[in-house]
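Right after this note come the structures.
In the two assemblies presented below, subunit A is common to both, partnered first by subunit B and then by subunit C.
The block that comes next holds the complex of A and B.
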């Protein structure tokens, strides 16, 4: 585990020394503060729209950071040739993959804390309330979702040579899952065989990330807390997908020539 | 003599990506032995199989035949790399780290205790003359400094065997001299150095023994003086051994 933590430490250092996070964080703050400063239609419930917009920006920013940071990890090591001295040390390829994953995941967790603290402060400035447990449930499942996305992107970075193509493909797939993943079963019913079976297979194969995504409503509309049992089950479901993608990444990387 | 690096009938073939093309043979039954405490030069023209041999020794490439071992341990086991240091050709280290942070990271991979790691970091930075730049980001380093930080990372675990892949490639004369001085100091400390190079002049003066390979085959191995024989320089011996035919002037 020592090697895994050593590699993850470098990834975290990279994230906070690069400008990506700061740019997106400041952009989110600026957009939200500008929106908060105007009073449209004298609507007393305008804070809900503001919260919804802020959470959407947090989701988009977190996906951008998670995917772009992860997508460049292994290709950059190859391109800069730092992979060679690294693997010439007593570090296995599996440890490297797990270290990269852990680093990206922890870095995204730290980033989410910053975003959700800002969100909480923004909401509290209008509503004078801190529903901390609701925020925790939403942020926790958000972080677990990023785990799946990071593991998937890591696998993609071993399959696709260029980080840009990998990032684009991952974005499209994640966006498709978030937007239409939940409707695939309905679409399948209206199709003839064998298309129906194929769509069903896709529906059951993809990780359903929409539950954590819809947790936004919990804090936008001040809904009551979700039963902790369901939160734990969803977290386990997401962890299972994360593990599957990581195992696949390790298997691909083991067969890959380093030089 | 204590043999610490050994290859026996080492064979490496790369499958061709072209349809119906026969595989490319990179190494053909390479037999090498490097003894403890010697500086061993590994020579050959481009594409001869030098880097492939090093890649096998480091576990990056699986041999298709034969075997390779370091300190008597099969190179496929990560533990075989515990006592080696490796400097690849033209590497650009993490730009967002300082030399000190980079060395701390590598020392963690070797599981060095913190106090021991700090002592080693101070020692290797002094050896490669980067003490004054230790807190500067690597992205601000010149090419020569980058190569020296590479040498420092190769030495962080106080290795018994150093594998250097063209350590002076792309450096100016001053940079080359500094790297050669470091190799000399390591030799005096009793370290074993295995390095590939195209700089035959420095191989002639620095190495105890050399091996010459061409087209994946070992052509000659022995002391520099034995290989040179009655020839005026190692360069002439090298060209003759690899079968270079000078073209007659028009």
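The block that comes next holds the complex of A and C.
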């Protein structure tokens, strides 16, 4: 386990040395502050449009950081020829995969804390309220979702040749799930066989990342807390997909030539 | 050839050319003047005619905010949301909604859909009635729809509905001068519009309690309505079909409000005449006739 933490520590350090997070964080702050300065019929209490924009930017930024950071982990080790010396140490391939995953996931968790603290401050500046538990639920499921995305990208980095192609494919798949994942069954109904069965199969096979993504509406419009039972179930559902992708990544990596 | 003379002739030729160009271009510039307010609009400059599509999306987003996010998507049954409720509730826009607004989602399609509904707004609420919290003291939260209405008006300055709805909700928030300003801004972009005039009259009647000015504005609105609907007979203009639906609605509203003004002033003959015209456009002519009969009785009693 120490090996896993050691690898993950390096990944976290790498993230805070890179500029991606700072650029996206500052960009989110600037866009939100500019939008907050817009005068809307002299009313200073209007906040929901800002909350929606801020949450959307947080989701986009977090996905960009999670996918781009994860996609370059293993290819970078291979290009810099550090993969073989790393595996020559008492470190198994499975530990390396888990270490890379854990590092990216924890780094994304730290990033989410920064983003959600800013979001809370922005909302509180006009609402004068701190629905901390609601924010915690949203941030927690957001982090769980990023876990699935990171595991999937890690698997992609072992399957696809270049980080750029892997990133692009991951972005397209994640965006498609977030936009139409919930309605694939409706789309299937209007299609003839065998397309209908294929879409149904895809609908049941994909991780429904849109469930936490659509939770933004509950935060934006001040809905009450979601039952903790459902939060736990969704977290388990997402963890199951994360585990499945990680196991697949380990299996692929075990058979892959590292030189 | 004498050079000074040549130069002089050249100068005269240039002056004639300048004068001719000015005379030719001036009418064209004046014709462009009308569209100048639009070309100054950043969104129209950027998006062209497609800005209207975005304006409609912004308006729908305002309605989604009014429902605290409980709103049908393109995959859901939108029959109960054909006319956005923020517009329907103003009473100044004809409603085309059908069916039950609380059940657009239908029963859960499968376990994923059933589970996912715990993470989205799943109850029909209106912001002016407390929204998701149901707390009536928070009815001022309806202000949250204003950014989207403002954006919609910026994207499509020629849409009457946006000004009417914005003015109504500003009035609801007790921002009367701002509501009037929005309507006057609309009248600048869309002159002689009966619907905008009707709303302006309503502000003068209900908020400024200025019946005389309200009457003048509503009568002007009726004149504009007649101008817009052309020379066809009244029965043709008020025909019961979808093409005349909104036109009938605004005519009925104008006549009804003018009739009520006449009633308040004790002018029963004028009020009955207005109600008779209102009856032609009313969806419930029997009720209007009953009211006319009551008025006639009141008149004889006086």
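Before moving on, here are some points about what is shown:
In this section, the second predicted complex is superposed on the first by the 253 of 259 C-alpha atoms of A that agree within 3 Å, B and C clash if a C-alpha of one lies under 4 Å from a C-alpha of the other, contacts with A are read in each partner's own complex, and residues count from 1 in each chain.
Throughout what follows, a residue touches a chain if its C-beta (ideal position, glycine included) is under 8 Å from a C-beta of that chain, and two chains touch if they have at least 3 such contacts.
Note that the structure is a prediction, hence the values are computed from the model and not measured.
In the superposed model, A:90 makes contact with subunit B only, not with subunit C. Shared-chain residue A:106: touches no atom of subunit B or subunit C.
Shared-chain residue A:114: touches no atom of subunit B or subunit C.
By the touch criterion defined above, A:223 lies against subunit C but remains apart from subunit B after alignment on the C-alpha atoms of chain A. Residue by residue along subunit A, subunit B and subunit C are tallied for touches, and C comes out ahead.
In the superposition on chain A, contact of A:80 is made with subunit B only, not with subunit C.
When the two complexes are overlaid on their common chain A, residue A:202 makes contact with neither subunit B nor subunit C.
Residues 2-3, 5-6, 9-10, 13-14, 17-18, 80-82, 84-92, 257-259 of subunit A are the ones touching subunit B in the complex. Of all residues in subunit C, only 65, 68-69, 73, 75, 109-110, 112-113, 115-116, 118-121, 131-133, 140, 143-144, 146-148, 150, 170, 173, 175, 178 touch subunit A in the complex they form.
In the complex of the two chains, the subunit A residues touching subunit C come out as 38, 40-43, 45-49, 182-183, 185-187, 203-204, 208, 210-212, 214-215, 217-218, 220-224, 226-227, 230, 233-234.
Residues of subunit B touching subunit A in their complex: 51, 55, 58-61, 78-79, 81-82, 84, 86-88, 90-94, 96-97, 101, 105-106, 108-111, 150, 153-154, 157, 163.
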